[in-house]
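Below, subunit A partners subunit B and then partners subunit C, in two separate complexes.
Right after this comes the complex of A and B.
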């Protein structure tokens, strides 16, 4: 067997599940009603006020959320990275935890609190106080939730950027007579600009592609993913070509965003880094203000988690919260809805195993570049889904594999395929970085000692990237556990995941919200356990490093 | 007997020829060194012998058998890398045992102990490679390769990452091991002192070809090209015509006396003159006069750089001189290069 046979087989497999579906979408977007090549779908799309509006709405939401998250994250990250703030490690840990929330969690929880009949709103009215607004439902609510959902990830990215370098550039500016503010605006922020751009891009992309939040808290505010969902799943008048146009537009806009982010990152300057950057002390007032600000951001990011955990232990009557503690929700969850827990765990578990196996192999072929063209193809193929919104990905899979002879619609297989395709890039990138640190000579030394290349891979290379592999697996697993946008398009009974149940309950007034909260709490536990393992591992590794 | 025979090997990377028709025989039980400046193709040749790279043309034979189809892991070689390439997740003992276990040999533990003892690391089986010094790591790497009794041991600048004094100590140790165990080795270095000291045979390489192959004495005393002669220290080339038994006229017209005879007058010659071959004396009338440019203090002696008749010469000289001093230059010894072909 040629040494290229295996990578070629993997390349073919990935092309089938990644490239073919997206090409299928692309073709559908340029196919007229008679099956001829045509621009008709585009004319129809832009001729339809609903779609034009959805497009504008999505763009607006993306920009507003990106901006909001950046405004929150820049001062937070700057404080944590540059100053001795009490509880610093703790705030960072909270941020890491928050990044692993299910994407719809915020919407669900904030509606429970600030919806027209939300707990806080009722409380305010009962106390005879007015409410500042009728309900959080609407575009403002989408942005509010989006900002707090994405801010934590942006904080982590910016924290690393503000930690980079050893501070000698700032010291030089200070010695040249620049004031603190001048140093901040002329040295520190420009140096962090690529990272700020990256954070903005990630928050905006998340808001642009998010299906769950606008669906739950938008109150009929149409965004592209939501329009797409109805267009594609509507029983009455299904127009796949419309959906395809929307898909192509979304993928193209996401890719344009990525292009912009890459361009910004290419402007990164390496900073001198001969020693650890020292954190500066804060004066007493600044210290109080800083801690206050950090606590407020942490609080707002964590409100959703607190709300679901708390309300899962409270009694609900006809969709209204009673302040009586109970375990009834968990009892009902166990007796009525345990199956989705099993489905989520099994599907995500299988998906993670496949993603880890493929990711480790792909990372190896990409890093070693023994056949440069193959490495490049593999790399691009694996990265492709990271700019494709989950909804778009699901539609591609349905168009390609939904009907016979594949007939995969509604099967567990198509869900696992979607999970693997969406998360393979993350696992691969995590492993790649670690693998690049294993010198080729170590492998060659193993060959010279009589080990065949597969044996050298398993015995010499893999053991050295175990940590990264574990981290990739854990983050892949928790992302699969919380996946919504592709899942709601692809699932069918009996393959109902926890996210689908929670999502469905959250959409219907009068649902057993207690059970939904209990299930969300279980989901949070399922994802926090692996996350803890990862962050403990990462900390241990960092401490071991010289 | 020939252990490794490299026959007509050529190799290019991206259209650029890196090796051109290399011919080399490594006799059993000898240490052959590939010596040459950085980028001349030494590593590439060694990697072709190891099977990490493949020759575009030519053949590599082990004991007379073409190994083109034999992958590295079946060639029975040992390889020592410049950066040690120890496996950091295994202990020192496990590093040495790895290949032995693959061969399913009995008595692995004892073999590991012996291998480590040989390189002066007895009892360090349980150490983590990362906790050892560079020199110790390279010893482990050597023990790991030697434990397998390779048909040929390939070493790619194994001492280049060590500091100067350790380098000298280690090359003596490599030589001692080689004499004791009698293994066959192909050794790559760019350090001429190292090559002179440890080799049975040196192959001086330049731009993908072997310029000269011979014993260290051959290479040092009978260089066949200016490149080889220039590789060992600050050499000045005197080009001219023999005008008397012990004198020649340089192409610039300057007459230069030599202490050693030059043969028949009328011949065109190229002489290579090393710093130790040049004697300096007080300037007198009629001699070859040079001007001191710079003086380097080297501890036991001084190296003087001077210009004479438009040439730059280097000379060893015991007593201080100052830049600008005028001195008489005599050529006490010289090497004559064979006429260029």
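Right after this comes the complex of A and C.
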């Protein structure tokens, strides 16, 4: 068997599940009603005020959320990375925990607090104080929820960037007489710009593709993913070509964003790093302000989690919260809805195992570049789905595998395929960096002493990237557990996941939402436990390192 | 975790997986737009009476998704029975539904001559105002909402193309008042994507006025939500809610038994009591606290308009009326 057979087989498999569905969408967007090549769908799309509006709204939401998340994350990450702040490790741990939450959680919680009849608003009115605004429902609410949902991930990215280097550039600037502010604006921030751009891009992309939040808190504010959902899943007058046009637009705009981010990253300057960067002490006032700021942003990020856990122990009547404590929700969850918990765990578990196996192999082929063309193709193919919103991905899969000879629609397989395809990029990227640090010489030495290449891979390379593999697996797993936008379009009985149940309950106005709260709480536990294990593992590792 | 531990977990997962897949072959599957607040107590009784039948319930957010799903699975249906959503939606998809005469059909107020759909409830779309939010004189007719001087705030309605409830409202208004009223009403509308938003915006006081299903409004008012229920004097749109056995279902006999049970006096009594939804049976009393049907001016839809004319009605609304209003 040729050395290239296995990578080629993987490449073919990934092409089938990644490239073919997206090409299918592209073709559908250029197909007229009679099945002929045509621009008619595009004319119809841009001729419809509703779609034009949805497109503009989605762009606006993406930019506003990206900006908001960056504005929150830059000072947070800067403080944590550069200064001795009390409780620093604790704040970082909280940030890691908040990155793992189901996307619609925030919308649900903030409406309960700051909606027109939200708890806080009622309290303010009852106390005779005015409310600064009537309700959080609307585009502002979507941005608010998006900012606090994404800020934590941006903080983690920026924290690494602000830790990079050993501070000698800043010291040189100070010695040359630059003020602290001047050093900040002309050395520190420009050096962090690629990371800031990456954070902005990730937050904006999340908001651009988000499907649950606008539906729950938007108050009818049309966005592209929601319009797409109804073009594809409504009973009357389905217009798949319209949905395809929206898909192509969303993927193209996300790709343009990625192009911008790549361009920024190409501006990265190497920073001298001969010693560990020292964290600076803070004065008493700055210390208090710093801790105050960090506490406030951690609090706002954690509000949704607290609200959902609290309301899972409250009585609901006809979907209306009654504020009487109860364990009834958990009892009902246990007696009626345990199956989705199992389905979520099993499908995400299988998806994670496949993603880890594929990701490790792909990272190896990409890093070693023994066949450059193959490496490049593999890399681009794996990265492609990271710019494709979940809804779009699902539509591609349905168009391609929905009918015989495949007929995968509604199977567990198609869900696992969607999960693997969506998350493979993250796992691969997590492993790649670690893989690049494994010296080729070690592997070659193993070959020279008679080990087969697979044996050398399993016994020399793999053990050295275990940490990265674990981290990739954990983040892949929790993203699969909380996946909603592709899942709601692809699932069928009996493969009903926790996110589908929560989402359906959230959209059925009279339903006992306490059970959904209880299920969200269980979901949070399911994703926090593995996350905690991995972060403890990596912390221990870092502490052992010299 | 060691790799051995991981392997054991994966194997356990696979075992659990195949176990469930095997179970699902035997289970009778029900797709429903009704939430667990209704399906729970009704099906609990069905299970008690049919201990041999294993039942799996899948909730779907709306009638559109429900039928999109059934249509997508045509040829290899995964569900045996659908429950919930208006007669018009069922009548528009005869090819997806099995013609089965049920013993309880004769007791209902609306009977499909082909026995594809079976009436389970009567769902009125009434007006509600949020009394904390609404100021001024409450409307008593729909015509008031469409009047040029209307000052009661935006009226919430879902897109009729996306929500069966909103379609029923639109069809009712066109039948009784004609397009001119709809055109005058549109500038006062707050259009949202789904019926859940339409209802919850008024419940939460985000909007002052909206259309709402009578059962939900009654339950919410009883749960302490500040809502006033208004039965417009110039006509109340309504739907006949239905259930059906799916054509080519894997368990036709059990499916028919389930559908028949949904029409039974026992199940209907639960429905009336638990969610204040009117029964489709002639012998059932209305839920507590709602007016008798004889006191309500129901809008009878033109049957042609309701089923085959549905797409035309929606595109007229979307393409002509909405665009006209934007201009």
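As a working rule, the second predicted complex is superposed on the first by the 529 of 546 C-alpha atoms of A that agree within 3 Å, B and C clash if a C-alpha of one lies under 4 Å from a C-alpha of the other, contacts with A are read in each partner's own complex, and residues count from 1 in each chain.
Basically, a contact is a pair of C-beta atoms (placed from the backbone, for glycine too) under 8 Å apart; a residue touches a chain by one contact, two chains touch by 3 or more.
Everything numeric in this text was worked out from a predicted model, so none of it was measured.
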Superposed partners subunit B and subunit C on subunit A - clash or fit: fit
Which superposed partner A:533 touches (first subunit B, second subunit C, both, neither): second
Which superposed partner A:446 touches (first subunit B, second subunit C, both, neither): first
Superposed model, subunit A: greater residue contact from subunit B or subunit C: C
Which superposed partner A:127 touches (first subunit B, second subunit C, both, neither): neither
First (subunit B), second (subunit C), both or neither touched by A:464: first
Minimal inter-chain CA distance - subunit C and subunit B, angstrom: 15
Contacts on subunit A seen with subunit B and repeated with subunit C across the two complexes: none
Complex contact set, residues of subunit B against subunit A: 50-52, 71-74, 76-79, 81, 83, 85-89, 98-99, 102-103, 141, 144-145, 148, 154
Of subunit A, residues touching subunit C in the complex: 49-50, 111, 115-118, 135, 137, 215, 219-220, 222, 226, 230, 233-238, 317-320, 322, 336, 339, 342-343, 345-346, 349-350, 353, 402, 407, 409-410, 412, 492-494, 496, 501, 503-505, 507-512, 515, 533
Interfacial residue positions of subunit C with respect to subunit A in the complex: 1, 6, 9-10, 13-14, 16-17, 20-21, 23-24, 27, 29, 33, 35-37, 40, 56, 58-69, 71-73, 76, 78-79, 89, 92, 132-133, 159, 161-162, 164, 190-197, 199-201, 203-206, 215-216, 219-220, 222-225, 275, 310-311, 314-315, 318, 322-323, 326
Contacting residues of subunit A [partner subunit B, same complex]: 439, 441-442, 444-453, 455, 459-460, 463-464
